[in-house]
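Shared between the two complexes below is subunit A, which pairs with subunit B and subunit C, respectively.
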Partner chain A sequence: MLYWIDKNVKWIYPLPAVLFVGLMMIFPIGYTFWLSFHEWSMSNITPPLWVTLDNYMSLFKDELFRESLWITFYFTVVAVGVQTVLGILLALLMNKHIIGKGLVKTLFLLPMIATPVAVGLVWVLIYEPNVGVANIFLQALGLPVQEWLASPDLVIPSLILIDVWEWTPMIALIVLAGLVSLPKDPYEAAIVDGASGLQIFWNITLPLLKPAIYSAVLLRLIDALKTFDIIYATTQGGPGTSSQTLNIYGYVLGFQYFQIGKASALLMVFFAIVLSLSILVISLRKKAGASL
Partner chain B sequence: MKKKWNCFQKLCFSLVALIGVSAVLAACSGGPKKDEVTTGEQPSGNEPQTIRLVAANHPWTEAIMPLLPDFEKETGITVKVDSYFEDQLSQKTSVEFAANAKSIDVVLFRPLQDGKQFEKNGYFASLNEYVSQQGNSTDDFVPSALGSVKNGDNLYGLPVVTESTVLYYRKDILEKAGLQPPKTLDELKEQAEKLSDPQNGLYGFVARGKRSPAVTQFSSFLYSHGADFMKDGQATLNTPEAIQAFEYYGGLLKDYGPPGTLNMSWPEAMAVFTQGKAVFYTDASALYTNATDPSKSGVADQVGFAPFPAGPGGNKVAAPPAWAIAIGANSEKKDAAWQFVKWVTSKEVVLNLQADGITGALTSVWEMPEGVAHFPEDLTEAIVENNKHGVPYDRPAIINVGEARDAIGDVINAAIEGKDVKAAAEKSNATFQAILDKE
Partner chain C sequence: MSKRKKITVKSISTNILVYFILILFILPFLWMILASFKTQQQILDTSNLFGFTPNFDNYISVFTKYAFMDFIVNSFLIAVASTFLGLILGLPAAYAIAKYKQNGLGLLILIARIVPGISFLIPWFIIFSRLELIDTYTALTLSHTLVTMPFIIWVMIPFFESMPGELEESARIDGCTTTGAFLRVILPISGPGMITSSILAFIFSWNNFMFSLILAGEKTKTLPIAVFNFLSYSEINWGGLMAASVIITLPVLVIALIMQRFIIAGLTGGAVKG
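For the complex of A and B:
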């Protein structure tokens, strides 16, 4: 027995992980892929019917699919963009010696550890057009009241605000970790050469921070693309379809319209998008890392 | 590369591997095992049985809970109630049924929303045999309500809650203005315009504006404009009457409604009304306790009820069965489940529930004075009046209701936003027709 273990230890050791990945990731993805070529309404009586590429064809003809694709990218790009800029600024600020830094860092973690659905419900109250705090705040500033989540034009910016509120601290913390570990020599050399603060930031700090920033952006990008909980808890994709991202549309197709095949096809397309974007960012990060 | 491992390391690794593998296996087998425990065959006879009722967070469920001990005492059957929000309930039950779970013994469902789909998929046990054993036990049900839980001759459920669209209004405001509750939709519009005072936080009219939830309450406006969702299998959302109805409903909400109606289902719209911020509100009669209960409503003593106003197409209002009860096809305790269904739809229990304000589906109970004693007088009048011109459905009676509701909701949304209603109606009509063609 011991000899057998000794001989096969390189297989036994990763076995749990392999099993886990197989059961929890490869199987569901494979099953979804299989379902995406079928028409099926979750019925016990009618089994899935093979329809080749029909689901994909109907998806690309579907106006709602194109709309949700656009909404997904709009939401992701703006949200992650704003978060990245704000996060870096926050990290730079926190890297200075300020009073109560520990406390500030702890407070930063709060939005991240709160349950997304709870966060969503709290923001529903804040944004409520008739009694919500957001409008009271606007009125106090003498600005016109808004319908926030109930306005088709404002709903995505309103959701982006929630996402930024919740996730900027994460980018700040990752970038802060990067800042702390930066070498001191280039800064000393720059100061000796008489570089200005902005020049130092632009030519030394930012390039050196690139790997950390890419990591943070990669994590947020994947997460933001897949955002479901916040949107579902606040608007369920509404008003109308104004905040229906790919994820929400997939859910609606699957669990409200019972078009499991089309929903699976949508999720496969979505999977491909997330995967290729991740590969892109990882390769960018490798490049940045290599230049260190 | 060959490395000598000592005994301790080997032991550690094999242990870790073992724990890992067994954890994964345990995780995988967790589901079925649990099922076995909860749904395994119970010994029949006098042994205590437990059945699971999957229900909605609805006044019906709240009213039935305190009565359950009676049933338990009578039959020795314990009822475990799981209740969810309406939409979660649909999803929860469809997923559980689709997985062939045996764990649902009795289920509360919306016959117009999920009935056809669930029945087609074979999720419900047929009640024919049980009912025929009882003789003519279904004669007392309101016929239109009973019709909605049948497919041909197959009876798959029994209705427990009926409802119709009524007009909620503020007695004090109308009285002050010297007005009578509106009898026609034109009057409703005039009064809403006259009484609307947004500067002081009072709006003339509130109702659901959220895409899919709005459809069921909009339906009465559609019918009373002389239109319908479909006719002979053809979508009719783009007829001039239908467009007029969309414009009327959307216009009321746009011009005299509170901000944010696009996101309002009944809880939000009801909140606006009960906070005293709206004069008129149209919604289901079954929700009235939310408006008249002082613990939930700030205007409880000022709420009046009127029948749904007549429109240019006459006096027509949606008066459908809202909820029905059925037995899960895979339940292993069907007999116990039937005992519960029989009990909960019996005259005594329905009378008891109706005394709690639940609008039941038994004709005889509606005819008994003690059956309507609990309802505000004007509400009973409104319901009785509504039932005279009742249309037995408040959404298209098809299988893919969810998809169709979204398509219809798009037009309502366009009307509220003040967009081109005709264009939206044409587009949704095509979508709706495609859904009809698939069925």
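For the complex of A and C:
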């Protein structure tokens, strides 16, 4: 027995983990896929009814679905874009001689490891139209006050600001780690050739940092697309449906309206989007020279 | 040598800029702490933001009126149990993936990290209801392990890869089996990696909101759910809400301050090596 385990360590060691993932994730996703072809309201009395593609049809006719698709992309693209640029700039700053760099790095960790629900609720107070510090700040600058999370037009930018606050430090830390490990030689050669600071950044630093930046953007794109905690804790998709991302809409359909079939169809579409985007970014990273 | 002596105008302004940005990032936490020591009236009075005598009423009421101790215990037990289960399942898997270059399995674990949790939430609810496991520690621990385990594996793979192979070989020469060498030689010197991955796994379980939202009930309500429920009272009790937010954030902040090196390495490690 022991000998047999020893011969097959390669397969036996990962087996429990693989079984666990299969049982807790792969099988349930298959179940969601199966449910997406059925009409059901989660009751014990009436069994799921096979309806072929009806759920998908009603989904694509649903204006709220298209809206949530748009909101999800808007939020993800802008949030990740802004935090990538800011994160790289912050990393370049932090790569200089900073007093107490260790402590600075630690404090920059706080937004991303603090409990998202608590973070969300603090921002609800900050954005509160009457007593929130965001409006007090605007007033001090002589600017008109805003409704922030309560305004249909401003709610997504307000949520993007939270996401940028929360995750810019992570991009900065990843890029900073990349900066520290850069080779010295190309820089010496460039200085000898008389290249300017900006030229050095564009032609040497940025290309060398590509793998680190791609990694950071991959992680952020996937997680931003799936943002749930912050949005649910602050707006629950509101006001109206103006911050209802795919994630929130799926939750609302499934657990508030109990439209199990339609919710499952939405979740399968969402799953397909996240997966294909991941594959795309992973292959881009491979091209940039990263191993996985 | 002369690098340390050079204090230029440029380096001073860089320092000032970095610290200014840092303050912007810390401000919401200061705001949370400040508000947690104010009365509702002091929070609603925006003409005087800083002039107030701090009082602990919010903290007292959070523990006496809302049974927060129970929620803290629930969150703690589930985070510890799911981290432990994640280690048991994850350590051998990470070791095999690192040692035998099982990139396919590595990819499977990456997918477990990528898939949106909500895409299996409905089946979970159905299955756990049928098994009468809603509102049990079992269901919550199992669900949180789906977060902790891939994370532990992800942090441990590069750690095991960087371990010198001679250690295991010499154990084998001394008559150990592979499993013996893993248990007696590899694991005991894996302390730093295990600490890093366990801390992060604990934090992610502690922070988890979505899984607890559908699987927790009155008996097993975790802190994030309890804090979130504060919102649903008719008039928002801001002071109480902020005190509750401080309570839930404090353990994570303390861990981060003590273990900063490990946490930065764990959060960014896989990405940098990439």
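Just so it is clear, the second predicted complex is superposed on the first by the 286 of 292 C-alpha atoms of A that agree within 3 Å, B and C clash if a C-alpha of one lies under 4 Å from a C-alpha of the other, contacts with A are read in each partner's own complex, and residues count from 1 in each chain.
The rule is short, and it goes like this: a residue touches a chain if its C-beta (ideal position, glycine included) is under 8 Å from a C-beta of that chain, and two chains touch if they have at least 3 such contacts.
Keep in mind the model is a prediction, meaning the values are calculated, not measured.
K.L.:
Figure out whether A:143 sits in contact with subunit B (first) or subunit C (second), or with both, or with neither.
P.N.:
neither
K.L.:
Identify the partner contact of A:152: answer first if only subunit B is touched, second if only subunit C is, both if each is, neither if none is.
P.N.:
Only subunit B; A:152 stays clear of subunit C.
K.L.:
Quick one: classify A:238 as touching subunit B (first), subunit C (second), both or neither.
P.N.:
A:238 sits against subunit B, while subunit C stays out of touch.
K.L.:
Thinking of the overlay built on chain A, is A:255 touched by subunit B (first), by subunit C (second), by both, or by neither?
P.N.:
In the superposition, A:255 contacts both subunit B and subunit C.
K.L.:
A:129 contacts which: subunit B (first), subunit C (second), both, neither?
P.N.:
In the superposition, A:129 contacts subunit B only.
K.L.:
After the superposition on A, what does A:57 contact: first (subunit B), second (subunit C), both or neither?
P.N.:
Neither partner.
K.L.:
Could you tell me if A:42 is touching subunit B, subunit C, both of them or neither one (first, second, both, neither)?
P.N.:
A:42: touches subunit B and subunit C.
K.L.:
Touch test for A:85: subunit B only (first), subunit C only (second), both, or neither?
P.N.:
Neither partner.
K.L.:
Is it subunit B or subunit C that touches the larger share of residues in subunit A?
P.N.:
Touched residues of subunit A are more numerous for C.
K.L.:
Would you check which partner chain A:5 touches, where first means subunit B only, second means subunit C only, and both and neither mean what they say?
P.N.:
In the superposition, A:5 contacts both subunit B and subunit C.
K.L.:
Take the contacts of subunit A with subunit B and those with subunit C, and give the residues found in both.
P.N.:
2, 5-6, 9, 12-13, 16-17, 20, 42, 130-131, 255
K.L.:
Where on subunit A does subunit C make contact in their complex?
P.N.:
Touching subunit C from subunit A are residues 2-3, 5-6, 9-14, 16-18, 20-21, 24-25, 27-29, 31-32, 35, 42, 90, 93-94, 96-99, 102, 104-119, 121-126, 130-131, 133, 136, 165, 169-170, 173-174, 177-178, 181, 211-212, 214-216, 219, 222, 225-226, 228-229, 232-233, 247, 250-251, 254-255, 260, 263-264, 267-268, 270-271, 274-275, 278, 285, 290-292.
K.L.:
For subunit B, which residues count as touching subunit A in their complex?
P.N.:
Of all residues in subunit B, those touching subunit A are 5, 7, 10, 13-14, 16-17, 19-21, 23-24, 28, 91, 94-95, 97-98, 100, 117, 120-123, 201, 209-211, 258-264, 272, 275, 277, 400, 402-403, 406, 409-410, 413, 417.
K.L.:
Applying the document's contact rule, which stretches of subunit A touch subunit B when the two form their complex?
P.N.:
Within the complex, subunit A contacts subunit B at residues 2, 5-6, 9, 12-13, 15-17, 19-20, 23, 41-46, 128-131, 145, 147-152, 235, 238-241, 252, 255-258.
K.L.:
Of all residues in subunit C, which touch subunit A in the complex?
P.N.:
Within the complex, subunit C contacts subunit A at residues 3, 11, 14-15, 17-19, 21-22, 25-26, 28-29, 31-32, 35, 43-44, 46, 49, 88-90, 92-93, 95-97, 100, 102-103, 105-112, 114-127, 142-143, 145-146, 149-150, 153, 177-179, 203, 206-207, 209-210, 213-214, 223-224, 227-228, 230-231, 238, 241-242, 244-246, 248-249, 252-253, 256-257, 260-261, 263-264, 267-268, 270-272, 274.
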